[in-house]
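Before I ask anything, here is the structure I am working with.
We call the chains A, B, C and D, going by the order they appear; numbering starts again at 1 in every chain.
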Amino acid sequence: MRFLTAGESHGKCLTTIIEGVPAGLFITVDHINSELARRQSGYGRGGRMKIEKDTVEISSGVRGGYTLGSPIALTIINKDWENWKTIMSPTTSADLKSRFVSRPRPGHADLFGAIKYGHQDMRNVLERSSARETAARVAVGSIAKRILSMLDVDIFSHVIRIGQQEVKRELSFEEIKKNAPNSPVFCADSKTESEMLKEIEQCKLKGDTLGGIFEVIALNLPIGLGSYVHWDRKLDGRLAQSVMSIQAIKAVEIGMGKDSGELPGSKVHDEIMYDSQKGFYQKTNRAGGLIGGITTGAPLRVRATMKPIPTLMQPLSSVDFISKVNSPAATERSDVCAVPAASVVGEAAVAWVLAQAFLEMFGCDQMQDICKRVQEYRTYVRQI
Amino acid sequence: MRFLTAGESHGKCLTTIIEGVPAGLFITVDHINSELARRQSGYGRGGRMKIEKDTVEISSGVRGGYTLGSPIALTIINKDWENWKTIMSPTTSADLKSRFVSRPRPGHADLFGAIKYGHQDMRNVLERSSARETAARVAVGSIAKRILSMLDVDIFSHVIRIGQQEVKRELSFEEIKKNAPNSPVFCADSKTESEMLKEIEQCKLKGDTLGGIFEVIALNLPIGLGSYVHWDRKLDGRLAQSVMSIQAIKAVEIGMGKDSGELPGSKVHDEIMYDSQKGFYQKTNRAGGLIGGITTGAPLRVRATMKPIPTLMQPLSSVDFISKVNSPAATERSDVCAVPAASVVGEAAVAWVLAQAFLEMFGCDQMQDICKRVQEYRTYVRQI
Amino acid sequence: MRFLTAGESHGKCLTTIIEGVPAGLFITVDHINSELARRQSGYGRGGRMKIEKDTVEISSGVRGGYTLGSPIALTIINKDWENWKTIMSPTTSADLKSRFVSRPRPGHADLFGAIKYGHQDMRNVLERSSARETAARVAVGSIAKRILSMLDVDIFSHVIRIGQQEVKRELSFEEIKKNAPNSPVFCADSKTESEMLKEIEQCKLKGDTLGGIFEVIALNLPIGLGSYVHWDRKLDGRLAQSVMSIQAIKAVEIGMGKDSGELPGSKVHDEIMYDSQKGFYQKTNRAGGLIGGITTGAPLRVRATMKPIPTLMQPLSSVDFISKVNSPAATERSDVCAVPAASVVGEAAVAWVLAQAFLEMFGCDQMQDICKRVQEYRTYVRQI
Amino acid sequence: MRFLTAGESHGKCLTTIIEGVPAGLFITVDHINSELARRQSGYGRGGRMKIEKDTVEISSGVRGGYTLGSPIALTIINKDWENWKTIMSPTTSADLKSRFVSRPRPGHADLFGAIKYGHQDMRNVLERSSARETAARVAVGSIAKRILSMLDVDIFSHVIRIGQQEVKRELSFEEIKKNAPNSPVFCADSKTESEMLKEIEQCKLKGDTLGGIFEVIALNLPIGLGSYVHWDRKLDGRLAQSVMSIQAIKAVEIGMGKDSGELPGSKVHDEIMYDSQKGFYQKTNRAGGLIGGITTGAPLRVRATMKPIPTLMQPLSSVDFISKVNSPAATERSDVCAVPAASVVGEAAVAWVLAQAFLEMFGCDQMQDICKRVQEYRTYVRQI
């Protein structure tokens, strides 16, 4: 299973092709649209999110609600396209210079991308490096989530930190699943939630921005996804790549993550237990469901830290790319905090890697066969 | 450029093949052996490090000191092999059961690997999931470091934290390069170093183990390695995979890492400057040399958190794989802390990804051409 | 550089994403459309070719005529879509059964694909296994051809055989380039051409179909594309895969191809010569421009044999997939001979592999840099 | 499943690492050595084959006769190494110039490889481009054959043509399996065999060399290996790459191959039949077991044409690489005909692709599970 995405932020559309999805998976535009809507919700977003309500069109690979086994093409039209038609035209156009970007924004790829690819107009960079592309990744993830759902895997996410505000107490999975979706900041703890909202408001007044931390959790993964035999088959590495590659992510942790560097081994490792009903299990889950690059059967817990949004209303200083004159970075209407949205993207990024790992282990043709093989394997694991 | 490694921890040898190394790179066994020796040094190691002094044999791909362009095969003989010959024999042998492992060690892949691959004897798992394999990765990395060195890139690492002891002050690159290699714990700050040594000793007395944090730094990378155009070409993601896939790593951070989730954008992003001599640069380097998945020309800074070694002298509780009876985990002579060694592996993991990124951008046949193209590109960047 | 295509034969559109195209390549819809038109021309085609005049839309990756370095998305709308909208709908639809295909056509993937993917309606197979998908490959190839053109490589094709009619005499490259595009069967020899046309007419009367052979030629490739160092980097293997994967191709030959198995070495190998102006060259080019998996600097010559179209007006016998009753295969309005069209697809398949090989050898970011590096390399080769 | 090979023709050894072999596959050195011996037998070979009797050492990935799931490393020592030790030394050595190769041999990669990689001494090319490397591919193939054998697939090969001598009559699979292994030229037809032997003798007297054609056959493949959904998943393309990448192969055909371009569709396509016992099948197998890139359940038939060996005792003319002076190509003791050996390599190349296709479709962890899943699938296919 692999995918490519294409599309500029103000281009006509985002296009995605996913190759290798098994045949016989039930999938509707609603499955995808509901994930796209989740990505667009979340407190702290600026104007654009209100303009565009993303919806997907499935133009191939699905018929009568079921995947065909052939590549799936998804298109998300950019609602604002009419206003950018000539500016972003694939052909020459008088309008090409009308929104020329010559001042690189600190914290963005603008400058570095323009140098790498030889662009004068940094719009040619920002249109693609923009987090707009994450809509396509969420669409891809929504299909991965459909596969996981057929395999009885439950995946969800929540926001743990925004700026200085962090959830301090242990949350149960039930709380997270129940509260996070209803929270404007996808935070499952109501006390922290209100502090987060306050911090966002204050930050907005200062013309500044905020980052934070989210966690993705997957329940009911069987023992043995991934492998320890070669570095690039280790599931922790693959998850880390997938999550770190999301725009603005600067840290990825699994299980106790950074805390496991501070405590002694006796407080970090999980003792092994056995129960005649459920088979082998672990007393604790400090490892976050992954040891040696393979799943342990315990809940997978992946955390990611997002840096604050780089576009500030109180602009940082920059230098004009052409004239080399010092000048403040471009100020655009922008979000203050995108951590809730990022958590949805993170979920998609994790779901993709997990679904891939299942298909490698159980085959890739018919969804029905894969379900059956996974069930048989679960029974084998329990009875070992 | 790609590689495969093979070899069990107590097998005859570790074997590595690296395919895609340009022709004309000068490389000797000493380049590789000195990295292998660094991996084996570091305070806090147990007995095995004393038995085996790893040395490499180059059996193909290099002639008269220079790479041929053809695949490079490296072999690291396991010094202890004589004692394991029959136990680990590829053919049937009466001795196969003599060091049967039936009690899975918490924190190791033993149990999960045995279930995945259908093994009864968990030796069949631990022989490969063991960190012994990192010797092969260091050998691979030493070749990547030779490429980087020809391209004027300087890469090094140091230990920042062991257990509760963390370097608090800002260290200059000069200090790190000068002090870390001479420190028993690869720590560049002498005060923290002595506290680390103390903590290791105390931990050893308790039969416990310690983890920590190391940082890898690469200087003089040009702007533009990696790419923002597709998720799996983003250099941050690729570095995260490479580093997270090292045994026992639970967190990867780039630049400010987790701290970037706590501070406002004005304190996280790096303002852009220009100087007629050196071209564009940034006032600060909070991003750690990577923005939008591509290098910024500032020093690359990658941090990784290692969990404590799972094999404790005060064993954790486990369950016999066959009998299902509760029993303490196997206790083997083992290390207390492997963070210094891991920092060398981390350096190799980062060097590999960087060298790959150079070859993708500048071609892959003759080292001499690549050097010339990189120099031309550096001039272009400065003069933009 | 990589690509994915999606799209069913009677779906809404064919979608293609090409990732890794260098920035700064000039490309217009006309470049692509003219290749699509070539694929649709050629004598011996049935009705569909008249309905649909394929045209492409570029929806991302190109701005103001130049590639951005970001992924390129191409869409080719199926003109007939209105008539298939409900039949091929991604959602449930009353019409889904209206063009149910239950009799597998001999020579097609219908039966085998349905079994593999668990389909009842073989339309779910034929919609994707159909040669309609080659339009997307031609679109991809047209971008590869743009790259090759910037690098002074000339690529073209011609038809050598249709059924019993084969070009017997040696044709010069000039003749081929001049005559083939103007021939209804893309044959550069007028005598053979008229015999081919006659054979097609006769075959049509019998309700039968014809295959044949085409050749793809690329001029001015430098020495050294591909590599001999590892099996999957050999250019002959990669070309063979690309060409053999075209629908209905059953043989791929390079240079003398099969004939090189009949003659002694003294009549097969090419003697090496030297000229102070052009450097090393070969007296003959029996190897077809490839030795040991790398280009020799002589013209690349790849031949492919296409089997006759499987859908016959005089239907072969088949068995109903559901009822298991013997019944003649479905008869649809179809082409008699598609070899001319296949030659255009073959050109695209070869162009893709060659463009990839250039980017691997010379880097992949800016078209301008790549051109410069290729020129420098050509000079080096001449002066060796 | 993937592999890398390393090793120069006169280097110390050939090294191979195979990653992704399922656990629990029984494999011994004898399985591998017997394939290596087959590759070395065959009439028409020169001196080297007598010097070296290749034997393999398994240094990892197998324990007590069974694969561990971890990477398998194989080493084949070059028997003649003692005589080349200093000439081929990885370090600087006084002897490096002693067998300097400055006259490129027509038909070999010598010249083109030296230019590509910047070598002066063409030994640096020929050591790797040499067909010696095929010993490693045969070793890899022997493991793939073990997998196929567990899945009840039977794979074998025979020589069809040497120079002007070609098998004219239809051979049954039984004849081929019985006769070919006992023929000095691996030809299953005794009349053609004796003509082949004569032609080789005559050719030898003239100081010339011969090529030919071999065929690889695989029986009992299930319907559905490979896929039609994306070009690089088509099994015909993957087989073509694997076989064409073998040294000296210039044509690959599937089923009727080139002949399918000459006959009308009614004589090329295979009619579909049904039998309540065996399910769907085809009346004929002109397609050679592959349609639309997937297996049809009929025997797979792949043919390859090998060009004559390039090193002639009556040398062709060449040019000194350094002095540019015309001079005959180097003459070394060499083989007259290597088609029988190539057929063994071809078998390995096909076996590898087939084994990979099985693992993709049925999973990749435990051999036992894969066997069970394949059996279940075979039952499903029969009962459809």
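Definition applied: a contact is a pair of C-beta atoms (placed from the backbone, for glycine too) under 8 Å apart; a residue touches a chain by one contact, two chains touch by 3 or more.
For clarity, every value in this text was computed on a predicted model and none was experimentally measured.
When the interfaces B-C and A-C are ranked by C-beta pairs in contact, the top one is A-C.
One simple way to say how far apart two chains are is to compare their mean CA positions; for chain C and chain D this gives 27 Å. Note: centroid distance chain B to chain C, computed from Cα atoms, is 44 Å.
Computed centre separation for the pair chain A/chain C is 37 angstrom, with centres defined by C-alpha atoms. In chain D, the residues that touch at least two other chains are 4-5, 19, 69-71, 113, 116, 128, 224, 227, 229-230, 365, 369. The touch graph of these protein chains is complete, with an edge between every pair of chains.
Touching chain C in their complex are the following residues of chain D: 4-5, 104, 106-109, 111-113, 115-116, 125, 128-129, 137, 161, 163-164, 203, 206, 208-213, 223-224, 227-232, 234, 236-247, 249-258, 260-266, 268-274, 276, 280, 282-283, 287-288, 291-297, 305-310, 312, 314, 316-319, 324, 326, 329, 381, 384. Contact residues on chain A toward chain C in their complex (touch as defined above): 2-8, 11-17, 19, 23-24, 28-29, 58-65, 68-73, 75, 88-93, 96, 113, 116-119, 124, 127-128, 365-366, 368-369.
Per the touch definition, chain C reaches chain B in the complex via residues 19, 69-71, 224, 227, 229-230, 360-365, 369, 373, 377.
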